[in-house]
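In what comes next, chain A is part of two complexes: it sits with chain B in the first one and with chain C in the second one.
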Partner chain A sequence: MLEVEDVVHRYGMVTALSHVSLSAGRGEFLTILGSSGSGKTTMLRVISGLEMPTSVKVLRIGGADVANLPAAKRNCTTVFQNYALFPHMSVVENVAYGLRIRKMNAADALREARRALAMVQLEAKADRRISQLSGGEKQRVALARAVVTQPAILLLDEPLGALDEKLRQDMQIELMELQRSLGMTFVYITHSQEEALTMSDRVVLMSHGRIVQSGGPLDLFDRPESRFAAEFMGYENILPARLIGREGTAGIVEFPGGARTRGVVTVEGLKAGDAVCVALRAERIAPATEGATDALKAEVTNRVYRGKYIDIALATDAGPLRLRSWHGSHVESEDIRRIGWNTNDAVIFAAE
Partner chain B sequence: MENRIAFARVAPISPKLEISHAPVWKRLGKWGGFAMLGLIYFPLLWLILLSISRNPLGGIPGDFSLEHYRALFANSEWHMPMLASLVIGVIVGLICAVAATIIGRALPALNSPGKVLFLFVIPLFVPGMSMGAALLIFTRAVLGLKLGFWSVALGHFVWAFPFALLIILVVTTRFDHRLVEAGRDLGASNWRVFWDIEFPILMPGIVSSALFGFLMSFNEVMRSIFLRGTTETMPVWSWVQAAAQQSQVPIIFSLASIVLLITLPLLCAAFWLLFVKLDKS
Partner chain C sequence: MKVAVWLIVLAWFVLVIVPIIVLFAFSFFTTEQFRTVYTPTTTTWVELFSSGRWEVTLRTLRIAMTVTLIELAVGFPFALWLAKGRVGKVGRAVCLAMLTIPFFLDVSSRTIVWRAILGQSGLVNTVLMGLGLTDAPLDWLLYSEVAVLFGMVVTLFPPMVMPIYLAISLIDDTLLEASNDLGASPWQTLSRVIIPLSLPGVMAGIVFSLGPALAAWVEPGMLGGGFVNLISNSIESAYSALRYPVVAALSAFVILLLLLMLGAMYLIARRFGDPASSFRVLRG
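For the complex of A and B:
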């Protein structure tokens, strides 16, 4: 449905996109994840045609070559971050605008627009002015306006960014259901790993105008391939170490202090002797029982109470670690002497 | 816990209230403001009262009558100057609206719009007689026009344009260009985007700039004096009449009152469009 090959885009001296390629199949929910300045929004604008890239090898939407077409001629629509609703038109006129442009007669356009509004539970507010809507409602109008023209691809630019936590979670579910029922290809931009993991079929992680890693939500969450990916996906503990042995995908590493541990190697081509990093999520570390193999000696240096959980800072043979306890008083009361983790939860990749 | 941060010792703040805390400063602003408003509106009100007084040259209103208005309407000498002023005003208003819209849309997109805007706004501060004399030479020598209707219109346009431009900029600088992108994204051509989205949103500013253009032209004297040739505009005619013949002064008062009563509501309409209606949408 979407094929992009080798996009380069520069603003003056700044390279916003550097040889990026990606594709999305029919009905796929593809998320481009990255922090601000990663080039994800530029990527979306290149796809929509609002930005003409410095160079691109292939740019197809629904099989049609659109590399040289202006935005108005491309079979895709955008849900903008700030919604970009037309303030001088009513809600239903906003939604009908794309249909009117496609020369549908006024009565049919309004009827279709009302159907689209019904789909986002807003038919009751069809005749309101845009300024009378709440943020969440504007979001829905923008969504209805974009899908009513039945584009091959719907582009969404951080559409939930301005909504509050609760509404955002509801909208995530709603967006997923909408996408399944329309069978439409969604390309979704966000800086929130939570949104990316919840909704996507596939996630593309971007940084500095390049794709850092792409794959299913689980791959990104549990198998980061670089320090950047691990940090972005919320790994609290990233420790330097040296790879000393391999057994298939498993690797044995030695920390500077001499302690050893096992983990999963996520990148190809690492061999014994290479400098690596070991990444561990704080909540996957647990106090180990006395005498457990592979456990590390640890000493508690600080405790931070955070309501739902407690973050415990530890000094270990592997270096300083953070352990997250969800059991509250249970772990808090006991003095931690040894810690351990599941081999599957320790991820090994090349150090920078 | 012995490594606390230590700052230098500071004297505590004095509880005494200095003169700057005195309530008089707030009151001064309030009453000064009232005095200023009085200075602006009292003479205007006085003028209207005198225009309906039997003996306006006495300076004190009283013995009200509409006889000077009757005399004004019986007199046809002011009809042509009034017509000339109205027609020139309408032409200048329309051209101002179009020109200011085109230029006012382009200005905010520049890298340093401030400097360019300054150049456009300079006519506001160039002395009227300098600009009048300059345009006089320009129209006669360079354009080869005879002085009259069109040279006055040109002078008024140069005078009114900066006002129209400033007004248009109120709406064009606020205009959200992401709406243009949204329109294109939905498939609209550049023309459709302009007429369906940008034009309706800029409309209050365009109408206001036309109204202002009209008013600036309608009330202009200084440049008209240089550029009029034998054409008389309404303000020039009133000024000549008031200067030449004492007997005409009462009807000039009436004329001035009528012009005031037409101008003020137009001005209010322009500001309402710009600042009240715009904020509602």
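For the complex of A and C:
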């Protein structure tokens, strides 16, 4: 449905996109994840045609070559971050805009527009002014306006960025349901790893105009392939170590202090003796019973109460670690002498 | 908040409405031997219409509307280019400065220069004859309706462009991108988004251009050379003859004409879009 190969885009001296390729299948929910300045919005604008890239090898939408087509001629529409609704038109006129542009007669266009508004539960406000809507309602109008022309691909530029927490979570579910019922390809831009993991079929993580890692939400969450990916996906503990042996994807590492542990190697080509990093999520670490294998000696240095959970700072043979304990568990008050984790939860990748 | 609104309304009433009412009232008096007779009568108004001032009125209307239409036809594209075109920051600043500088100079001194340029032995005719394009100097360049029109178009260009420029720059770029993204051609974006949203500026431009054009006095005097009499010239001659009721009636008549034309303009604007709703862009 969407094929992009080798996009390069420069603004003067700044390279916003450097040799990026990605694709999305029919009905796929693809998320481009990255912090601001990662090039994710530029990527979206290149796909929509609002930005003409410095160079691109292949740019196809629904099989049609669109590399030289203006935005108006491409079979995709954008949901803008600030909604970009026309203030001089009513809600239903906004939604009907794309249809009227395509010379559909007024009565049919308004009927289609009302149907699209019904899909986002806003038919009751069809005749309102845009200024009379709340942020969440504007978001829905923008969605209805973008899908009413039935584009092959819907591009969403941080559409939930301006909404509050509760509304955002509701809209995430609604967006997923809408995407499934329409069977439309969604390309979704966000800086929130939580949004990316909740909604997507596939996630592309970008940084400095390059793709850092891409894969299913679980792959990104549990198998980061670099320090950047691990940090972005919220790994609290990233420790330097040396790989001393590996067997398939299983690896054994030695920490500077001499302690050893096992984990999963996520990148090809690492061999014994290479400098690596071991990443561990704080909530996957637990106090170990006396005599457990692979357990590390630990000493509590600090406890921070954070409402739902408690963060416990530990000094261990592997270095300082953070352990997260859900509020109410026995770990909260007990002293911790040894800690351990599931081998699957320790991720090993090359140190930069 | 309410107090402020009432104060503004009061100030506006005292400063704008009261003089117009007084003016209007004066037009129902007459003068005898350079003295105003304070007895209400419609003589002045009847004389106004019977004394051949119709011709002057029609000419004034025609010239004012022609000037306004030319301003709009040239000013709107210019304002659009200045606000949304590929103009650099420096280019835009220079253009805005050039639009502002004429306000520092008096209209008369700006206009009188054209005499030297458009006259029989002026710059234009000298160049044309030097190039052999004409044998005799073009006499319609100065002291003609063309010259008056030209002078007024030049003078009233900034007042037309400025409000339109401001209205167009207020339009969020993403609205234009959204229109483009939804499949609209540049012309469709212009007619469905830019023009409706810039209507407040266009209306202001028309008011700022039509009003002064109806009351123009410098250009017809200096570039018309007495051949192009407009209402303002009638007002002036009535004023120097101390016939204040005639001055009042003529001025009131200009105001009425302006109101009529603005009303017509509003009706025309309604065909392009809801003028009331286009003001919403100002509120965001």
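Just so it is clear, the second predicted complex is superposed on the first by the 349 of 352 C-alpha atoms of A that agree within 3 Å, B and C clash if a C-alpha of one lies under 4 Å from a C-alpha of the other, contacts with A are read in each partner's own complex, and residues count from 1 in each chain.
Here, a contact is a pair of C-beta atoms (placed from the backbone, for glycine too) under 8 Å apart; a residue touches a chain by one contact, two chains touch by 3 or more.
In this text the structure is predicted, and so the values were computed from the model without any measurement.
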Fit-or-clash call for chain B and chain C when the two complexes are aligned on chain A: clash
Which superposed partner A:180 touches (first chain B, second chain C, both, neither): neither
Touched partner set for A:303, first chain B, second chain C, both or neither: neither
Chain B versus chain C as contact partner of A:26, first or second or both or neither: neither
Overlap of the chain B and chain C footprints on chain A, listed as residue numbers: 48-50, 70-73, 77-78, 80, 82, 84-88, 97-98, 101-102, 129, 131, 145-146, 149
Complex contact set, residues of chain C against chain A: 172, 174-175, 177-185, 188, 192-193, 196-197, 273-274, 277-278, 280-281, 283-284
Of chain A, residues touching chain C in the complex: 48-50, 70-73, 77-78, 80, 82, 84-89, 97-98, 100-102, 129-131, 145-146, 149
Touching residues (chain side chain A, partner chain B) in the complex: 48-50, 70-73, 77-78, 80, 82, 84-88, 97-98, 101-102, 129, 131, 145-146, 149
Footprint of chain A on chain B - complex, ascending: 176, 178-179, 181-189, 192, 196-197, 200-201, 280-281
